[in-house]
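First the structure, which I've put down as structure tokens, then a few questions once you've had a look.
Chain IDs A, B, C and D follow the sequence of writing; residue 1 opens each chain.
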Amino acid sequence: MEHGRDSRRQSVDGPTEKCGVVGIALADRPVARPLYYSLYALQHRGQESAGIVTHDGFQQHSHVDMGLVGDVFDESDLNTLNGTNGIGHVRYPTEGSINSCCAQPFSVSFKSGSLGLSHNGNLVNADELRDELAGLGHAFTSDGDTEVIAHDIARNLLEDDLTDAVKRTMERIHGSYSLTIMHDDAVIGVRDPEGNRPLCIGEVEDGYVLASESAAIDTLDGELVRDVRPGELVVLNKDGSGYESHQLVEKENTAHCFFEHVYFARPDSVIDESLVYDVRRKLGEKLWEESGIETDVVLPVPDSGRAFASGYADAAGDTTADGEPRPEDDDGVEFAEGLMKNRYVGRTFIMPTQDERERAVRLKLNPIKSTIEGKTVTIIDDSIVRGTTSNQLVELLKDAGAEEVHMRVGSPQILAPCYMGINMATREELIASDKSVDEIRQEIGADSLSYLSIDAIAQSLDSEKIDLCLGCVTGEYPYDIDGETTDREVSRPVVSEPGPFAADD
Amino acid sequence: MEHGRDSRRQSVDGPTEKCGVVGIALADRPVARPLYYSLYALQHRGQESAGIVTHDGFQQHSHVDMGLVGDVFDESDLNTLNGTNGIGHVRYPTEGSINSCCAQPFSVSFKSGSLGLSHNGNLVNADELRDELAGLGHAFTSDGDTEVIAHDIARNLLEDDLTDAVKRTMERIHGSYSLTIMHDDAVIGVRDPEGNRPLCIGEVEDGYVLASESAAIDTLDGELVRDVRPGELVVLNKDGSGYESHQLVEKENTAHCFFEHVYFARPDSVIDESLVYDVRRKLGEKLWEESGIETDVVLPVPDSGRAFASGYADAAGDTTADGEPRPEDDDGVEFAEGLMKNRYVGRTFIMPTQDERERAVRLKLNPIKSTIEGKTVTIIDDSIVRGTTSNQLVELLKDAGAEEVHMRVGSPQILAPCYMGINMATREELIASDKSVDEIRQEIGADSLSYLSIDAIAQSLDSEKIDLCLGCVTGEYPYDIDGETTDREVSRPVVSEPGPFAADD
Amino acid sequence: MEHGRDSRRQSVDGPTEKCGVVGIALADRPVARPLYYSLYALQHRGQESAGIVTHDGFQQHSHVDMGLVGDVFDESDLNTLNGTNGIGHVRYPTEGSINSCCAQPFSVSFKSGSLGLSHNGNLVNADELRDELAGLGHAFTSDGDTEVIAHDIARNLLEDDLTDAVKRTMERIHGSYSLTIMHDDAVIGVRDPEGNRPLCIGEVEDGYVLASESAAIDTLDGELVRDVRPGELVVLNKDGSGYESHQLVEKENTAHCFFEHVYFARPDSVIDESLVYDVRRKLGEKLWEESGIETDVVLPVPDSGRAFASGYADAAGDTTADGEPRPEDDDGVEFAEGLMKNRYVGRTFIMPTQDERERAVRLKLNPIKSTIEGKTVTIIDDSIVRGTTSNQLVELLKDAGAEEVHMRVGSPQILAPCYMGINMATREELIASDKSVDEIRQEIGADSLSYLSIDAIAQSLDSEKIDLCLGCVTGEYPYDIDGETTDREVSRPVVSEPGPFAADD
Amino acid sequence: MEHGRDSRRQSVDGPTEKCGVVGIALADRPVARPLYYSLYALQHRGQESAGIVTHDGFQQHSHVDMGLVGDVFDESDLNTLNGTNGIGHVRYPTEGSINSCCAQPFSVSFKSGSLGLSHNGNLVNADELRDELAGLGHAFTSDGDTEVIAHDIARNLLEDDLTDAVKRTMERIHGSYSLTIMHDDAVIGVRDPEGNRPLCIGEVEDGYVLASESAAIDTLDGELVRDVRPGELVVLNKDGSGYESHQLVEKENTAHCFFEHVYFARPDSVIDESLVYDVRRKLGEKLWEESGIETDVVLPVPDSGRAFASGYADAAGDTTADGEPRPEDDDGVEFAEGLMKNRYVGRTFIMPTQDERERAVRLKLNPIKSTIEGKTVTIIDDSIVRGTTSNQLVELLKDAGAEEVHMRVGSPQILAPCYMGINMATREELIASDKSVDEIRQEIGADSLSYLSIDAIAQSLDSEKIDLCLGCVTGEYPYDIDGETTDREVSRPVVSEPGPFAADD
């Protein structure tokens, strides 16, 4: 599946992650550079904008702009982001228009101090909350969720202490959210009660880190401590000496997003106690077990299919497609690189005209003929969204001389949209929303096609299905969403609690 | 004298004003556009950066950038500057490096709310204050005065109310300052105890305005109420219904900058109760009385000399150069436009090479030969700083066929630098710092040269000399400046009062 | 009348000039800087784009971009524009869309060398020519006139020498054009057979100059030699030693644009042997003679009305409004500056909302009350196009306390559009297209209103009416324009001569 | 080895390729888009600037700018690049300063038409040629080689036909060059007599293509025809119907750059008849044969080491490190992905401070602990230049728990600089220039280190050593370079032939 950098100007056949968040509290060292490096480590989670907010004990400093981390910050920007405590953000547009008004961290300076807020996720009831707050006189500069959360917490802070203020807001908002927050000079992390989006705690030599993925902690030469728990509020000590935990909300079941492991997260990150790389290899092994086929060669779709293909090929070394132990003199299925990816096809690519289109996939992926010609080929991808790239891939391989092309997919059919913060596609665009596997196979032109089962996903994640968000592959969601069904007992909070600002203030 | 837009890239022969400030509180109407138009009206006071800070009752909004008002703001910027109360700023670099870090209003979000601050003027003791505050843990992002004032007020606000907080800061800072301040949603104006820089109050249909010059009030179709008094704090009512006055500090004498009337301010502004245009005409009349000379034609140096020349020529219609009543059949001295100014020679002009230099003045000012050829000419300028432009002008007129060129200057010799917020020149660069009038005349090549007397300045301003800042023309200053003498009894405040933040906080 | 810098983003009440052209050939000195300074001197003729093309004997160099001269070129650009011969251009959009494709000089590199072309004017038959050339295989990158002229000359050059090539093109094109052309390293000037747009020849120490206005020659410390004659081709010697003249086309009558003298050209330029400043003063004198009125004060609309007002006031010193000699003890009408112009209201100004609009004129022009209050006032403008600014001005003066406001206009009623290269307005927008003088007076709210007569224009320019283009004030044009009448015997050339490129090449 | 995008702002441990060139002639279709896609395919050869020059039969069109292909061109740029024939270029700075003056294609418009030129390579005698041409009056706008070649060919074209003109220039220039040239509307390809840089011919449906690498031809859905021969001039037919070949210069031996196969070229390109991917796998196999070591796991340095490591691991499946056939029940060495590459660490990355430096490598490469911990590890890289990255890598793996770290390198020691167009490093910076393999091993901290032999390179390329340029690994060059020794009989041409422009022209 193509990664998302190019998502807006071309029609890509892949979902795009929404955001990455980070928060750091250090003893004495300026926090700006560690935040900068962390955001680099999380850049794959959002390439549209980047930002850092710090506080030096007296005042807040902020630098947020559109662009990649490397373009947004220069040396002098980092030098003015004073202070040992701060938060950061990289973003993809979720709700809210695609422009600088929505770049984060969102910062607000209000009567009892300042607030900075970084958000990964998506609220289901943001509109009601915004309307209510607007009715009380709040002016919004964007139509994003984040500003709503920030205003709500800020309002609560006018009369509550921090823990109560966040708790009251958590009782009013519904949806997925991993937040890092800067209240004056305090850094806080919050994960939604279902733990939909990842958030973890790490320790560095002179402080503590909150980050969407543990790879950010590695980058700082730190150690992963643990995941933030669903419904937990973590407050980092200002002097970097530790952190306090408050379990503000508790639910019976979690709703971890399995797609983080399948596609979004870095292979070297540990999320909810599983190393993503290992999960992907395990999914590849299951894929062989469930639907392995003996072909001359197995090719990953680079880069996202590589770990799946490697697990698949390894499993094929042990057992045959029939599940029998592989004989000693049979090397199994050869794993090879047969598709060369052009890493420069990027954001500002001018699309080919209609009749050039089929040639255009070769701009991104060029087959290495010697690997393919005259062979039966299995290609392994992590998922299929719209199906257009898969179709082009199959054609490409056949043009390069493949005798047969079999496709194996490391996740179940995606048949419903994501409301939890991922820019996947509309239901109409999803090829699996109204087609059987065989119809999809025909449409993409493969000789055979198999998806992984939902059970294999749960097993590979060492999880119960009820503890995962499987909305996009089942059509049943762990939240109460207008027009969709839910897979558990949930209801939206009623948002009409009178706030500290009366309308007549 | 050339105006300052082009000051940094060329060596201009003219001082540059430092800044313009504005603050507005309206009943219901968004304040962003009125602030924007006010800044346009004050653009002549600073073309390097522009900014607006507003507050909507809940949070502060800010937009500040390098460039002219028209370049800094677009429609959508104004739309996000929510609120009915706000302040604005246009700026020239004073102290502090020439970059975006110093653009204003400076805004700081601290524990008891937010502060926005616009400053016109220059502190004499900013370094001591900065050092003291830095010792208490304050991190500064610039080396400008404004940030020092902002931090000091913010510190005081942690324990004092607004009036006391400003008063304590006024007792600690020494120098010239006209400030507009936004504390949360309150708009405040402060003028230094000597009233060095201008600041006035105006009334519009639905609110009140504080501005460096009354022309900003005219632009909003408002009426000038009065000047802010030296040492006065003015707090605009948040609902635009009026204002409160607090006379925080009182001194026996003022130190109004006479150069505002001579050069900086717009002719259509009223400053300290005098219309600038009228003062300039009066100075022109005095110039005729003191040193008029009968020539065929009187030419203003456009645009700054025009009002002086018009007053000079009018006075010449009534009396001869000898002070006798002019006979009925003698029309006096003809006033004419003889120099065409190129309004496009601007900021990014590439300087001619050395041997092209003398030709280059014609880029800016081209003589209209029919007005000059074969005539005796008087040229009227408002002031002479370095003398280089005057020299080129005289040569230009002689090349165009002037028989004689006499220069008359509407202010006394500038012989010492300004420390009060004007970017004039160093003492070494000032042609009058070590030359007699006749030596200057020789250097600029004029057939005669006369300056206006200091007494004429005081008379035209209806003021006592002791109530003016005459530092640049006398070398004696109304403040206590290292290495300079003072013209009155003043001393710098000792800045070591313990603040609410102890160093060990 | 407001000048044009702000023409596109606001609805201005003034025409905008189309372009300025220049060409220079020097003996040894690099030509880039003299071209740069010349363009500065012509900046008032076009602020949308600027460009220079030079040739160093071996190859052509070009730098053309959107923006003001000072923004388009930096030192290193000038340093790469090698060669002693070159041409330049500043531009306003005429025909062709407003973008960089149409910035000039237009340069084309074709089989028999290179061509650079700068154009001021507007062709009437460009579309036919473009269609014909396109039919022969020419690819156009813009829809501007200039590219059509360049392609046509280039085609002719494949078989003719330069003089014949230009002559053949002149026989095919119809309309107004002053051109400077660079053919390889030769600089050429061409003026259309009616001499509609200005073009003159100047001599500098080490070479010769062609320029739209003589002020550009002054800037280079050169001397005006003479105007280029209508229908003349001037070829500058490559070594700067002189020039050759070829009278390629001759017509009985010229069609000089009188509006150059009234509004566009700089006061210090000499066009068709008249100094613009003197013409404007003469027009002001005629205005007094034709419709003078005795009021307390006469105010120019700055800056364009100043020379008119000065001539008007001077004439009023000699005779009364009744044409009688003025008595000795009557000083006549006082000339004063009563309107302060804000020079910063520029290109990117955000328009006031509808209800702020009437206040907005004060952003541009603020009255100086002491000059106006309680007085009868005459305001002098050079022309009225749409009438909206005039209306606002009258209101402004009345608000400032004027007892009566009389308006005198230094040109006849503009009642028809310009097709000759000026961006005036559509016929519907012209207030005089369907209103009598008294109706206009009522609409603008003046106590009286008078325009200057057409005869006065011809007299002040020492010209016959038949030698002027008076299309905008008579509705009869000196060219054959679809849907309009002509004031003389003209017809469009038929453009179907077979060129050297047959369609089947 | 790290790829070059980030080469200038960080100290990278890798050489950077200089340029990619392309030329296309089509029957009827506009050539701009095919050029654009070709440049995308060659983007890895240069990310500093990009450009396209086309000719529509009448005139030349050009668009060249700093930046990546995707940033340099937008839809409207492509639409104005008219014509069916054109050339393109992507570039890294070689000689000549790093700025836009040196972006290519270089285009020159001179008296007998226009020339566009794209160059990959580096001349050894450019300075002499430039001096000679400057003496004849040529003005250069850059200090790059390309302009020298362009001027020399253009001079020759004033009297010779194209073939002779190029031949005369080839006899005067000395060094490496693959050129695509546009002379008026003819597209030409030239490869230096030693064939140092690659250049190949491809056929598409409606035309012919010249390109640095065959991957560009694949992108256009074309077929590789053959490599351009050393010393050959290829002229594409203007109508896309074929091409003419002229063998202008012949030498006994070639000097192909072996580093194209080792590092620069895309794996999916065929260069001098070898598929790069296959060569790299073969080099990996040789590496196992020459210095294989039995460890738990083999890791590629991504991405450049991947094909080497795959060949290495495959060879290890057949034979043991001792060269014995591997027993059936021994799976050999496990190939795994153990290092996660961050693809976003790019051009504008802010370097860590000194004490953060060792942590910083983790920004680029993060180990996947489960693959490494407690294991003996072999890492495979393509080459070692400075050695700093290798050192960091070894440390990284040991920190991640590797028991032993052995390094195997797919090329010989780089001990001398490249003068043929690659930005490698100075001799002083090359770790192998003055250190033995064991000293290098100690410096990088590996448990063992082996390089590949020079013989293995020649064998894998099916070539004789004398037909390769081995300068960087032997210190003996196939050209006559000041201060270096040569490995064959060569001498520089004397450049003093009188050209068609005498100095007194």
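Here is the rule we go by: a contact is a pair of C-beta atoms (placed from the backbone, for glycine too) under 8 Å apart; a residue touches a chain by one contact, two chains touch by 3 or more.
Please read these numbers as outputs of a predicted model, since none were measured by experiment.
Engineer: So which chain is the furthest away from chain A, centre to centre on CA atoms?
Structural biologist: Comparing chain centres, C lies farthest from chain A.
Engineer: Write down the chain pair with more C-beta contact pairs when A-D is set against A-B.
Structural biologist: Greater number of contacting C-beta pairs: A-D.
Engineer: Using mean C-alpha positions as chain centres, tell me how far chain A is from chain D in Å, no decimals.
Structural biologist: 37
Engineer: List the centre-to-centre spacing of chain A and chain B in whole Å, with centres computed as mean CA coordinates.
Structural biologist: Roughly 55 Å, centre to centre.
Engineer: Could you say which residues in chain D touch two or more other chains, in rising order?
Structural biologist: Nothing qualifies.
Engineer: So which chains end up touching which?
Structural biologist: Every touching chain pair, ordered by label, is A-B, A-D, B-C, C-D.
Engineer: For chain A, which residues are in contact with chain B within the complex?
Structural biologist: 56-61, 80, 82-83, 101, 107-114, 137-139, 141, 151, 154, 184, 501, 505
Engineer: Which stretch or stretches of chain A touch chain D in the complex?
Structural biologist: These residues of chain A touch chain D: 33, 36-37, 40-41, 43-44, 47, 68-71, 73-75, 78, 215, 218-221, 266-268, 275, 277-278, 306-307, 310, 317, 328-329, 331, 336-337, 340, 342-350, 352-353, 356, 359-360, 362-363, 366-371.
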